[in-house]
Amino acid sequence: MSLVRPLFVVAGIGNGTGTGAATARLFAKSGYRVALISRGPDYLNKLATEISQAGGEAAAFPLNDYTTASIKSAFVALKSHWPSSPLRVAVFNAGYGVWKPFLDITEDEVRESIDTNILAALAFAREALLEFTKLELETANEGGVAGNARKRGTLIFTGATASVRGNVLTSAFSASKFGIRALSQSLAKEFAKKNIHVAQSIIDGTIITDRTKSRHNNPSWEADQDVRLDPDSIAKSYLHLVEQDSSAWTWEIDLRPAHEKW
Amino acid sequence: MSLVRPLFVVAGIGNGTGTGAATARLFAKSGYRVALISRGPDYLNKLATEISQAGGEAAAFPLNDYTTASIKSAFVALKSHWPSSPLRVAVFNAGYGVWKPFLDITEDEVRESIDTNILAALAFAREALLEFTKLELETANEGGVAGNARKRGTLIFTGATASVRGNVLTSAFSASKFGIRALSQSLAKEFAKKNIHVAQSIIDGTIITDRTKSRHNNPSWEADQDVRLDPDSIAKSYLHLVEQDSSAWTWEIDLRPAHEKW
Amino acid sequence: MSLVRPLFVVAGIGNGTGTGAATARLFAKSGYRVALISRGPDYLNKLATEISQAGGEAAAFPLNDYTTASIKSAFVALKSHWPSSPLRVAVFNAGYGVWKPFLDITEDEVRESIDTNILAALAFAREALLEFTKLELETANEGGVAGNARKRGTLIFTGATASVRGNVLTSAFSASKFGIRALSQSLAKEFAKKNIHVAQSIIDGTIITDRTKSRHNNPSWEADQDVRLDPDSIAKSYLHLVEQDSSAWTWEIDLRPAHEKW
Amino acid sequence: MSLVRPLFVVAGIGNGTGTGAATARLFAKSGYRVALISRGPDYLNKLATEISQAGGEAAAFPLNDYTTASIKSAFVALKSHWPSSPLRVAVFNAGYGVWKPFLDITEDEVRESIDTNILAALAFAREALLEFTKLELETANEGGVAGNARKRGTLIFTGATASVRGNVLTSAFSASKFGIRALSQSLAKEFAKKNIHVAQSIIDGTIITDRTKSRHNNPSWEADQDVRLDPDSIAKSYLHLVEQDSSAWTWEIDLRPAHEKW
């Protein structure tokens, strides 16, 4: 049994109230060292501090942008921060959405959507998979984490309704979210042979975050747990994916609130 | 907090070595009373005894056939056996498969496939949903079970590759498995408003059971946990579905061994 | 070049104003002998007379019900009516819909749905495929029909939105429509090797027929060609499927009015 | 009735032996003026000459690359070449494929795949839709073309197996092909209200072209019309999509050879 705690990395933390942050908190509690990659150093540092104060181990790796070079640098930094920890879980949660009539979408919005949603996903996947392929299968109770799922690592992409259905205002957004879904399916098939588990979620509804709270500005929406997704609940499903042993892996899991229309 | 333990019912136990039995064992361990519905009274009684000896509560409700009338009777019997227990989880795991060139499939095989896979699923769903709709939302720690997911109940159907893809030898089989998938999606949408969670799995590979062991007759296949589904691992994903709270429900979860080609 | 005109058979004519009848009219005009199978002898005879008066060849084969035995008898009758004509096209257009809350659906409605939508489809497919497999590939300009598509025959199933999506009121209906879709996919894969083309449509909207006209009772809906499907337009796509040569076959074609929301 | 012949534009001609060229030939024969956009001026000019000599009207608009600016310029050029012709049909057939293990794919290949498959598709769609939205509905027999389908225009994207399924060697390729599929679905929904028809094909097999002939180097593969797609047959389905009137439009049509495994 290894005494070294395994490493969890997540990209896309936003303001620290959504899926990325909830996942970081849950994996920290479950025994992982947590590497946080995102733009917005203030939110990143705040979350790292919060997790440390709660008894976890976390470090922030802020990005200026989601270019391939920046993502590579973040991985170099996190590996030199924890040189002996094996990277076991990587969650790509970054995203850029644009909901507009097609002819109103600017070239900059298209570019940003492609860069953040597809190119960054490809670069993040590459770094994570390069690490996973170097490792041996995890051992039982590795560093105190449940483990023993016969994996080298788990890579999860956060998807959306727009990953599976194009709609009137989603031409550019869904083009990139469908793209990640294709990527996740291709990688799931290619790397499963090496006991690397690639999965993706379909978040089919609105997640409650600081941003969506202020957009809704509606206390009864906030209070009604049946109408919006709780980031902590999403995180539990991500942990379940990570704990699935190699006899029964999920590629795609849809998640929506009970009262969502779909 | 209710002191009464909640009820779990599963239809389709086979010879007690597959998904139905593994799910029954896991839910018994998790605090549920377990009602077993299936043909084959010997296997049923053996499993009920095994679960009881391990400290669980189980009872067998054997069927002669999967007709609507038989399924209704089984539900009457299980409710009178545990009159005060609320039914919280129902798993439809029965199935009948036929893999043959289309023109070789007999009328009896078609009939059996429709009866077991579709008509029995409809009847089972009806009985479970009639029970769920009578209940209040579960309370936290109901009868010692984790709970507090803000549900009246959870209904899970076991699907297969043939639920999502027709193939050369699956004309009759996939016709009925696609049918259950449609049923599960319709019911998921219709009953979610009442906080009843309907989900289905896509078992995309071979499950290791007594039957598949003797069919393969290959110790290395049995020993290699990456090439076949372990019923206990499937059961864990079913428990995860049941534990999902109403802010983040899954309708469909695919499960396959790491080394499966798909 | 054969001088014998090829045979077209369609099941499901309703009152002669929908897809089945439109398809029959178009294939009659295109040079096929047309066999009409349906309940409702009056509508059938009226359509057969109409087609004959327009210079086509048609005969009515009324059914009492859509049982396997009845469908077999209809095929025996049509083959003895035109013993020398090769059956080249078969369209299964029969259907039974029920849109109701799940717990309100009666056993009779379930049974009728299964019988008409699945069992009848299986029986019809069997008879058509038994005929096709006996034939040689069609010859160029067979009996005056365009031909030369290198096929033994084409079998088309009429699908619906409920073939690909379960919804709140469609539990029983979509269960059977998904079933036909699975059947059509399995048969497409199995029989393509024999140059038999199996395809299906997804009719994703309301078709204008006598029945839907009286249900809408709205002249502007009738007049607006962008909001409802014209049976003659559907028929043109069916003819296109039949004319596709063996280098480029379609399995599934969706059809909807321009202004449909989907 | 307008006497001006309508305009057809296609991007992606390759060496003039594939889908783009076949579609150009068929639409030229059907009465359209044909604008050819592609890299490779020699192939373009050769095809334009061939079409002109066969009695059609064609002009070549060579590109240096598939950037947004280049595509815009090509549309400016083709409109000034035929200022009075309404653009009625636009086919995006350009594509860049890379089949490699994920970790072997270079940044250049990723970039080229995104640029040609997604960014160029977005730019091409934008130019075509800007033209279509300026037009009135086509009139019957417009410029001698069948017409009267109550459309402003038709935009078709050529898709592939990789548009609907990620696979072991297709991570980058399918990411962009899924992207176009999403784009085509979003645009189909958004622009249908304006009677603009957006569709896409799924080419699920190998098309016979000069390139695939030399790759296979197998006369029996070439001769067997059941195992590879004929570009002329694909073109016929594209023409069918264009001729569908606004009561029955297809968004997605799959096309494969009879003997393809899928």
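As written, the chain order gives the labels A, B, C and D, with residue 1 at the start of each chain.
We adopt the following convention: a residue touches a chain if its C-beta (ideal position, glycine included) is under 8 Å from a C-beta of that chain, and two chains touch if they have at least 3 such contacts.
Source: prediction; values computed, not measured.
K.L.:
Considering only chains that satisfy the touch condition with chain A, which of them also satisfy it with chain D?
P.N.:
none
K.L.:
Touching chain A and chain B alike: which chains?
P.N.:
Both-contact set = empty.
K.L.:
Suppose you list every residue number at the chain C-chain D interface; are over half of them used by both chains (same) or under half (different)?
P.N.:
same
K.L.:
Please report how far chain B has to rotate so that its Cα atoms sit on those of chain C, a copy of the same sequence, as a value between 0 and 180° in steps of 5.
P.N.:
180
K.L.:
Using each chain's Cα centroid, which is most distant from the centroid of chain D?
P.N.:
Result for max centroid distance from chain D is chain B.
K.L.:
Between chain B and chain C, what is the gap in Å from one C-alpha centre to the other?
P.N.:
36
K.L.:
With chain centres defined as C-alpha means, what is the inter-centre distance between chain A and chain C in Å?
P.N.:
Inter-chain centre distance comes to 47 Å.
K.L.:
In whole angstrom, how far does the Cα centroid of chain C sit from the Cα centroid of chain D?
P.N.:
31
K.L.:
Got the chain C residues that touch at least 2 other chains?
P.N.:
189 - these are the residues of chain C that touch more than one other chain.
K.L.:
Work through the pairs of chains, note which ones touch, and then classify the graph as line, ring, star, complete or other.
P.N.:
Shape of the chain contacts: a ring, since each chain touches exactly two and the loop closes.
K.L.:
Chain pairs that touch, all of them, please.
P.N.:
Pairwise, the chains that meet the contact rule are A-B, A-D, B-C, C-D.
K.L.:
Which positions of chain C touch chain B when the two form their complex?
P.N.:
Contacts found on chain C: 68, 101-103, 107, 110, 114, 118-119, 122, 125-126, 129-130, 133, 162, 165-172, 174-191.
K.L.:
If you look only at chain C, which of its residues touch chain D in the complex?
P.N.:
Spelled out, the residues of chain C in touch with chain D are 150-151, 189, 192-193, 195, 197, 208, 225-226, 228-230, 233-234, 236-237, 240, 243-262.
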